[in-house]
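The structure is given below, and queries will be raised subsequently.
Note that the chains take the letters A, B, C, D and E in the order they are written out, and that residue 1 is the start of every chain.
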């Protein structure tokens, strides 16, 4: 089952035209330049904009069509707005309680305490909103949305005001929340990193229209989209753990095109792990090299070659059926004589475990 | 005791009238102000203008027209009579109606401004947190419009205290029922009983001052921390 | 015992209070007095005000009520006759008659509005007889009633004013300055008339009492003449 | 023509009085409201209470006290005299002072609320853009407080139009200078000239209604786009 | 000459204690977790907080001491607030003009048009603020601050609401503005990337106190600070262009420890170029390898070795006197037998030109 979304919204010169399906499970990232309509889309889904000819079906229930329009408060959503939007007349605790009191959620539930402590706001509970920093306000807003026991989360750049370290702490928690509740999440983000890490599905917006929509792993390596051509292009691969070497802290991960050995904390066999491979971290050699600290070297065929600039090339390599992007200099490509269909060795310097 | 028994009665009637009127004003004015602050109706400004109109007539004259309308031959009086209600003129209820009518703009306008200045965002946020329109109104709009409520109550209450023309006209200055302090002071002044007028006016002022201090002082404690 | 509701012209309030306190000594009835302007009382009575007895400041309004069949035909009586006094609060004005004629030292002359008050009509008549009326126009300030006219002079804002004799002889207020009592021949009598508004016995009783020697003495004491 | 020349003059004086008073109210009330909205002074609430006090007295009584104060023996009158100024009673200037005094709370309170609801941020931003406090006040605070200014002006203007007691007391009802429409209508009512009263009241209402529509309508055009 | 800053500010339980000097030229990044006092510091410098015992000297002029307190409007600053703070009663053009009108700046100056077009807001000039998206508002605020002709810029996360691509467009422009005007810039950022790219100087805040302050290049590789230990640790090296090979688009860049060959657009000789080397992009070999697409290989000595987890190590390598960070797996470290003082070869897979 999936969420069906059809909207046509006009705002001055801008118009948003959406007709798509969003999976009912997992995280769908909404990605697009500033002004591309991300916030407008979330607002429409929340029922805060009332597009005339809209259609919206969530969990098999029609939220909006020609005859139906569920009011915002009748939609079981949790919404974190782009701007900090705490109630100015309530302290932090009461802001959180506002959502809690109106949900069916058991008030003594431990998970809310978890949220509060994981987002690091225990010491702020008695404060008024204007006594908080920008990032603190955003964190409270996240907890408040979670407290409302939503069956769908709409997050508009919830982590924009937070630093990398803090993000790294909060993201795993958010993931666990989604997974535990098994609710769909629409996540507006500007950060490719966040998307890579969190999202299963991706909706690329451009000037109010959908430029692409599909699985993150596919879209990130699609040469038709700008993502693969950016300097920081990357490949995302979902793999399965086959073994873990506790002595060196190395996990062996299997995917359709071979396997990766990755430094990590202990992992259970058969769990699914997402890997991130920056295109710049992939180099190409003609022979299998020895005597290097690079652990992951495997044969691939060159599927596509794109010259990005006078000096840079993007390669799309196939390891089995799994595409992997590589960025090399034109000079290397020339000196190694690379061309489509060649079989070469891909050296993957670093593999990051995303989740 | 410098204040006569009749003066004390008048003081009591006045406080009762002002309290009841303020209550009625808030009960009637709040939804009206809310509607005015939210409505996109293109002729809304006509309603806004109409609400301000009673202010423009001299109170005694307004009172005269009110008297004629609620009198036995007037449209309102006739209607009330047809419905089997008791006549309104020269009763406390009549006074309340007159005061409410006259002080309405002082309540509606500050409230409308206060509601408008909240903006849509807090209400939208509350809606996403599952608050129904009613719920949003009482838990978000009303507390956030607190300064507006204070202004509305103070202006409405004070204006009713000092109100005079309307009350005199439709109340008939009947001691114990429709004679309010303002009229009693006026009577003293008219009868050249200046001493008594001073005392009564002074008492009213001191009482009101204390009341205002309590209201504003309490408000101050609430807002002092906020920048 | 009955309650008698009386609408009393403001200027007569002092005298009436005294009469009522005497009356209540001997009567089982209680009296509730409502003071106000005669114009207002008239409007209220025609709109159903619950008064039993109307003591007006003139004869025109009682007459009208009688003509309209609101008052009891034949109950109309003159209960007091007002007298004018010209009062100069400024002690430097010695010869008031002179001052009225060559009003050099006068910035403002206060009279009651002739349109509203019989005292105003009388004042106008006096000034006309003295040939001062046209010349003094630019100096005139008009009070709504005789009490206000008195206040204009009393506060020193008007140098001179036509007030009621009852006000300057008011035992409660020791007054500065000089006054002149224009002879009755200069103006038509200021008859203050009373009418009964219903056939109840008690008000009739009170009206009778007002004709008693004790009441007449009090009326005189307060500066009115008797008809 | 149904309105007499005197009525028309009164209408003109009234509009002049209301305009001038509103202007003065805004000029005096705006800095006061600004100060009240910004000050952290702990006894600020005393000032807030004092501003609301004139409301509490019946206008005629307030007018009476004003009359006494501006009289030659009163504190204000004495001061004005000592400074070589002309007496204020029975002048247009006196009326303006009285009206301003009486209508002040209707102007200060909405403005204070409007200023408070702007918050600090826009002013801080303007300061970083090199706007001096004065500059910030005029280019940020005033335009952002527009709804407050509209409410303040409407309430102030309308209240002055209908004001009556104070004006009656200190104005002296001088045609062309201090006789305003409210008094003229009142006079008609008191004199039982109901027809003329209706016409005059009707004209005033229509005129004011048109004025209000212009004000609110213009405001509407400005704000309609904003959510 | 430098900006002297001494502040002690208390806000409830939080207190900010600053006593430092900030260079009068270039960009100083203020970096720290949410709630560490970054905004408070900027506000104090702008004169929006009035700390009792503060001292502030800018350009040799005392802005604040016991007797002096320049009001905010007397300080020639440009401030971009953390929250979008456009004047709600003015349209975009008038918002920008507000600063312009109050500066000595020539109104016809072309540079403002440049700013408007580079930040992509030409089409928004007639709009009211509530008709803009979050990112659009932020961009307008940046232009407004620049229009006020500041002699010091205070930027509180000005690019937080913008995507990577847009950042990549705007950052070079901001750089050119600073350099052209030669004014000091205090730049609050949560993004290590932005800091690496923009900042010359770095101020690390932690719970209201300064944890470190110094040159970005030094602090990024200091093993005493958390930066070097993060997964995304990186080395920043300022180098000089020695030659440019137009055929392959490769520049040769010199630094104290050797030279880099980097793919780039044409570069003039002798210009200064900042390079970014992610620690994960540096691998270590015992021998100089051939037959690889890796261009930059040079001998280094191991200065320090830190075990980050059971599987990961951070190496601090010295190329000449220039420290370079490398992340390797413990397994590699062990199999190669790495220890302090060894001379090894650093293979730098990717070098990014930051500016």
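Here is the rule we go by: a residue touches a chain if its C-beta (ideal position, glycine included) is under 8 Å from a C-beta of that chain, and two chains touch if they have at least 3 such contacts.
The chain list, named the UniProt way, goes like this: A, E = Molybdenum ABC transporter ATP-binding protein.
Fair warning: this is a prediction, and the values are worked out from it, not measured in the lab.
**Q** Going by the touch criterion stated earlier, list every chain that contacts chain C and also contacts chain E.
**A** Shared contacts of chain C and chain E: D.
**Q** Give the fewest steps needed to get from chain B to chain C, where each step moves from one chain to a chain it touches.
**A** Shortest path length, in steps: 1.
**Q** Compute the centre of every chain as the mean of its C-alpha atoms, then state which one is farthest from the centre of chain E.
**A** The chain farthest from chain E, judged by C-alpha centres, is C.
**Q** Can you compute the centre-to-centre distance for chain A and chain B, using the mean CA position of each chain? Integer Å is fine.
**A** 57
**Q** What is the distance, in whole Å, between the centres of chain C and chain D, each centre taken as the mean of its C-alpha atoms?
**A** Centres of chain C and chain D (C-alpha means) sit 35 Å apart.
**Q** Chain A to chain D: how many Å between their CA centres?
**A** 60
**Q** Check each residue of chain E and list the ones that touch at least two other chains.
**A** Only 83 qualify.
**Q** For chain C, jot down the residues that touch at least 2 other chains.
**A** 40, 43, 148, 151 - these are the residues of chain C that touch more than one other chain.
**Q** Indicate the residues of chain D shared as contacts by at least two other chains.
**A** Those would be 64, 183, 186, 189, 227.
**Q** Let me know each pair of chains that touch one another.
**A** Result of the pairwise touch check is A-B, A-E, B-C, B-D, C-D, D-E.
**Q** In their shared complex, at which residues does chain C touch chain B?
**A** 5, 7, 10, 13-14, 32-36, 40, 43-44, 46-51, 145, 147-148, 150-151, 167, 170, 172-173
**Q** Mind listing the chain C positions that touch chain D in their complex?
**A** 37, 39-40, 42-43, 61, 64, 107-108, 110, 113, 115-116, 140-144, 148, 151-152, 155-158
**Q** Which residues, counting only chain E, touch chain D once they are in their complex?
**A** Touching chain D: residues 46-48, 71-73, 76-79, 81, 83, 85, 87-89, 98-99, 102-103, 128, 130, 144-145, 148, 154 of chain E.
**Q** Can you name the residues of chain E that touch chain A in the complex?
**A** Those in contact with chain A are residues 11-13, 31-35, 38-39, 82-84, 123, 127, 131-136, 139, 157, 160-166, 168, 190-192, 226, 230-232, 248-250, 263-265, 280-281, 283-287, 289, 291-295, 309-312, 327-334, 336, 347, 349-350, 352.
**Q** Spell out the residues on chain B that touch chain A in their complex, using ranges where they run on.
**A** 121-122, 124-133, 135-136, 139-140, 143-144, 146, 225-227
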